[in-house]
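The structure's right below; bear with me while I get my questions together.
A, B and C label the chains in the order they appear, each numbered from 1.
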Amino acid sequence: MSVVAHLPHRTPTLTDTEAAHPPALELTGRRPLTAEERRTAETIFGEFRADGRYREYVLGCLNCGECTTGCPAARFYDFSPREMLQIAAVGDATTLWDAMQEKIWACCQCYTCNMRCRFGNDIAGIISVMRELSVRHGLESTRRVLAPFNRSLTLLMTVGTQVASDMIQPDFFRDWGPFAAAGEKSWDADPHLLRQAIPIDVLQTTTSSWEVSVQTSLELFRIYEEAGVLDMLRGLDPDLTEMLIDIIEERREEFEEARTRYHSQLAAMHGPVATFSG
Amino acid sequence: MLSAHQIREIVAERDARRRGTGKKVVDVREEMERLEEKGELIIHRIRPENAPVNVETLFGWTKRIPTSRLWHHKSCGQCGNIPGYPSALLWMMNALGKSYLNEPHQTSCTAWNYHGTATSNPVALAAVAARNFHRAYETDHFPLIHCGTSYGDYKEMRKLLVENAEVRHKVREILRKMGRDLVLPEEIVHYSEWVHAMRPEILARRTHDVSGVVATVHEPCHYYKMIPEDAVYDPEILGGQRPAVPTGILLALGARVADYSTWYDCCGFGFRHILSEREFSRSFANLRKIRPMIEEAHSDVAITSDTGCVTTLDKSQWIARAHGEALALPVLADVQFAALAMGAHPYKIVQVHWHAAPVDRLLEKMGIDGRAAKAEFVEYLAALKRGATPETLYPPRDEIEKYFAVNKGQVLPEEPASAASGALVAAVGRALK
Amino acid sequence: MNPVLVLGGGPAGLSAAAELASLGAPVLLVEKEEYWGGNPRRWHYSLLAPDLLPAEEVLNPLVSRVEGAPLIERHLRTTVSRVEPLSSGFRVELKGPETSGWREVSSVVLATGFDHFDSRRKYEYGYGRYPDVIDFKEFEGMIHDDRLTRPSDGALPKRIAWLLCVGSRDVQVGNPWCCRMGCAVSIKQAVEVRQKHPEIDTYVYYMDIRTYGLWEDLYWKSMNEYGVKFIRGRIGQITQAEGGKRLLATGEDTILSRPTEVPFDMIVLASGMEPGTGTKEAAQLFGLPVGPEGFLTPKLSDLNPVESGHPGIFLAGAATGPKAIPDAVTEGMGAALRAYKHARG
C-alpha cells in the first residue's frame, strides 16, 4: 500500500516509487541512514500519517509563532512547537526520523502551544503520537532517553503510581526530601517514621505513593495487557516487561491466598460472593 | 476595569463565536446525555447529598461543584513527595463537616508517565480513567480529582470516550472483562474548584490574619490549557480574564495577590524533565518563575494548585545555592495555605517539612508559631518511634482492603435501594468468593 | 415613486444615497447613531491608507453631498423595527426622535457595516487590564487629536509595537477571516508616529503583511523612508514588566526562530472586523442569509456583489465582509444603480 494513499486531505500525486523513497533533506554533515534505519523511518512515517489522530491534530499553520512564544522547551533546547508542527505537516520520512531522535523529548507537554494555536492544531498531541511511535519501534535513541525510567515504570505498571517516597535518597533526589530546607544536618530523618506521621492510613508507606489494593493493581495490569501497552513496552525493553509480568504473577498469587484466608470472614460479612476474573 | 456584566457579555460572545465557527467546541456534557440515553454509558450524577455549588467556566457555562460525599482521587506526586497537600485537604473537609471516602482502590491517572515517556496509549489512558470513575460510582461517592494533570487528562479522556466510538467500544470491552461498566462523572472536578466553592465556609473559620501576605499565583498549565472551556473563571476575579482558581481563595482570605511578567509560563516540570533532566526543570523554575516572583512581585509565597508545579517550584530552589543564589520562596498549594489560615498544624497536618523551600518566615507573617509547632512535631515523631499509634484523619481501614475493593459499613450508601448501592454489592460480589 | 430606503450612514450608505439623489430618486436615509460617517467618524480615523489623506477629506464631501440633496430625507438616531413586503417594495416601520411609524419604500440598500473586534476577547493581550495596551481604533483617535501619550502616566512613549490580526485569522475566537485593513492601517499609524516623532521606536509584529495591490507602496515606504521595523512572528502574551512601568511583549521571531521578550511603552492591537450589530439585525429583519462568518451574502458575489438575491434588497460596503473605504463607496454606487432600476420597475 502506498504511503501516499494514507495522506489525508491530499490527492495522491506522487508515483508509488517516489512515495517509497520520498525526497529527503540530507543536511550537510549528517550521517546518512543505514538501509535498515531507512526502512524503519519509512514504516514509521507511514504509520504516523495513517494514525487517526494525525488528521485531527495537524490542520495547518500560519507560522505565527504564538505556540513557541509560551513554550518552555524553546527557551532551553533547539526546539520549537512551530518547527515540530511543520515537520508533522510537510516533513518526509527522514525529517520525521531526525526529529524523533531527540527533539520530541524536549517537549514539556504543558499544552501552552495548543491553547495559543489560532489554527486549532494539537501540537502537544502530535508530539505524543511521535513519541508513541518511537517507543513502539524501540528506537535506540528512545531507549537511551527512557533508561532512567525503569524504576518509575515498574511502579506505574504494577501499582499505577509514578513515584514513591523511597526514591528520595541521600544521593538521589536529595533536594526533594523532608527537611531539605533545614540543611544537611537534618537529613537523618527516618523516612518510615515520617511517612507514619502523615495522618492518612494509605499514605503510611514508602514503597508507593499510597498503598494500592492488590485487586486494583491486577485490574490495572489487565488494562495494560488488553490495550497493548505491554506489547509496546516489550519493543522498548523486553527484560523489564518480563520482570513486570513476574511481579504481577506474584501479586496474583498473593490475591488468591488472601481470598482463601478471608473467605469465611467475607462470606459472613457480605453473603455468597462471585469470582474475580482478573 | 470592566464590570462583571461587561465580562459576561464578552464571554458569551466568545462562546458563541467559538462554538459557531472554525474549531468546534462542543459541550461534551450534552453529548454524554445522548449516549446515556442510547445505553452507551452511565453518567455518575451529582445528587443533592453532594451539595453542589454552581460556578462559571471560561465560556460562561455553568459547572456544578459537588462539595460533599466525595471520592478522593489522589495524586501520585502529592502523596509521594508533598503529602501535606492531600492531608490539608482531608483535614479541611473534616473541619467543614464534609464527608468523603479515601481508599486504596484507586490508581493514578498514569498521565504523568504518558506525558513523560509515551509508554501508553489513549485506549489504556481512557480505560484507567474509566476504571477509577467506575470505582467511585460503585461507592456512590463523587470523584474529586487532586492533580491538575489527572484533571486535564480525564477531561481529554472524557472527550475521547464521548467522541470516538471505536475507543469507547474498546474501553467498554476491557471494563466488562473486569465486571465494570463505562461510567463518566457528570462533571470532572478539581479539588481547587472545591476549595473555590468553599470560600465562604473557609473564610468563616479563618483564625489567622493573612492580609500582610503577598502571594504570587502559578496557574497550573493542565488546569486551564487542556480543555480550556471547562476551567473556572469568575467575572469578579482578575477581570474574568485569568482562571479564578486558585486566586479566588487567596483574595477571599484577604491576602494580596501580585502580578508578575512570566505569569503564563509553565513551572518547568516537563513530566520527563523533572525526573531525568533536572537541570532543565531547575533552571526554568528558578529563572522563569521563582526569580520574577521574588524580584518583580516581592512575594512572600508562591501558591499553586497542582502536584507537578508545587514539586518543581519548591524542589528546584535548593540547587540555586550552588550558584550562590539564595532563592527562598515558600511554595504551597492553595489548600495548604488555606488550612494554615484556618489553624491547621503546620507540621502534623500541612506537613511543611516535606517542602524544600523554608516556610518559617511565612508562618511568622501569618502569625503562626512555627518553632513551637516544629517542637511538637519532633515530640510526636519521638512518640511514634516509641510505638505510639499514628494519628489519622479518619479511622484506618481494615487489613482486608489491602487486597479487595470492598467497602466497610461506614461508607456504604445510606439508601439500600439505590442503583449505586446495587453496584456496590455487585462489586463486593465480584471481588470475592 | 416611493423613496429608496438606505439603511446605514457610513461611507457605503452615504455614497448610495448621494448616487440615488443624483439619478433623481427620492431617498430615505436612516442611521442608528447620532452622526454620519460610520466607523471612520465614530473612532475619529486619522489619515486613511494608502494615500494618507485625512479622513475628513473623504468623509466631509460624502456628507455634504447628502446634506445638500433635497431628494434625501435624512434621519439620525433612527432604526427600522419592522418590515413587511408589498407587491412592489416594502413597508418599513421607523423608530426615531424625528420620525416614527410606517413608511412605504420602493427598494432597500443595506449598508449596515461592521464592528471592530472587541480585543478583550483575546485575554492574553491584557486589553482592559493594562491601560497602555490600546486598540488601534482608539489609537486612530489619539493620533488624530495629536495626543500621543501613554494612558497610564501621560508620558510620551519611547517604543511602540503594533500587533496585527487580533481577532482575525484565529479560530480561538471564532474569526478565521482576514480583516484586509489591519496591515495597512497599522503600518500607516506607525508612519504617522514616525512623521511626528522620529525619536519613537516603532515595531510591527506580523505573520503575513497584506497591503494588497497598490497599497504595497505604503509597506515599502514605511521601512525605507520612515524606519518602521518589522518582526515576523506574533506576540503571544502581554504582561507587565518593570514593576508595572512597561509592558512586556513575549513572542517568537519566526525568521530568527527564537523566542523574544521586548519591553514596550505602548502596544497597539489591530483588531479585526466583524459583522456589525446593524448587519446582524438587518439579516434578521429582512430574513436574509448570512455566511459562516456572520456577514450578509450576495447571491452572486462575483457577478453581482450588490444584489442580495431577494428582489428589491441590495447590499453595499462592509455588511458583506471587510472592506476598504474606496470599495465601500464604489459598492454604494453600484447598489444605488440597481436599487434605482428596481424602483423604476
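One rule holds for everything that comes next: a residue touches a chain if its C-beta (ideal position, glycine included) is under 8 Å from a C-beta of that chain, and two chains touch if they have at least 3 such contacts.
Quantities reported herein were computed from a predicted structural model and do not represent experimental measurements.
If each chain is drawn as a node and touching chains are joined, the picture has every node linked to every other. Geometrically, the chain at the heart of the complex, using CA-atom means, is B. Interface comparison, A-B versus A-C: the higher count of C-beta contacts falls to A-B. Per-chain Cα centroids separate subunit B from subunit C by 46 Å. Here the CA centre of subunit A is 22 Å from the CA centre of subunit B. Between subunit A and subunit C the centroid-to-centroid distance comes to 50 Å (mean Cα coordinates, whole Å). Residue positions 124, 171-172, 237, 250 of subunit C each touch two or more of the other chains. Residue positions of subunit B touching 2 or more other chains: 22-23, 264.
Touching of two or more other chains is recorded for residues 70, 75, 120 of subunit A.
Partner subunit A is touched in their complex by these residues of subunit B: 22-23, 74-81, 83, 86-87, 90-91, 102-108, 110, 112-124, 127-128, 131, 135, 152, 170, 173-174, 177-179, 221-222, 224-226, 228, 264-266, 268-273, 275-276, 280, 283-284, 288, 311, 315-316, 318-319, 348-349, 351, 353-359, 377, 380-381, 384-385, 390-394, 396-397, 400-406, 425, 428-433. By the touch rule above, subunit C contacts subunit B in their complex via residues 118, 120-121, 123-124, 126, 128-129, 171-176, 237, 239-241, 243-244, 248, 250, 292-294.
Within the complex formed with subunit C, the residues of subunit B that make contact are 1-2, 10, 13-14, 16-23, 239, 241-242, 259-264, 296.
Taken together, the subunit A residues at the contact with subunit B in this complex read 53, 70, 72-73, 75-77, 105, 108-112, 114-115, 120, 128, 131-132, 134-135, 145-146, 148-149, 152-153, 156, 159-165, 167-168, 175-182, 189-190, 193-204, 209-217, 219-220, 222-224, 226-229, 232-233, 236, 254-255, 258-259, 262-263, 265-266, 269-270, 272-278. Residues 124, 165, 169-172, 207-208, 233-237, 250-254, 257-259 of subunit C touch subunit A in their complex.
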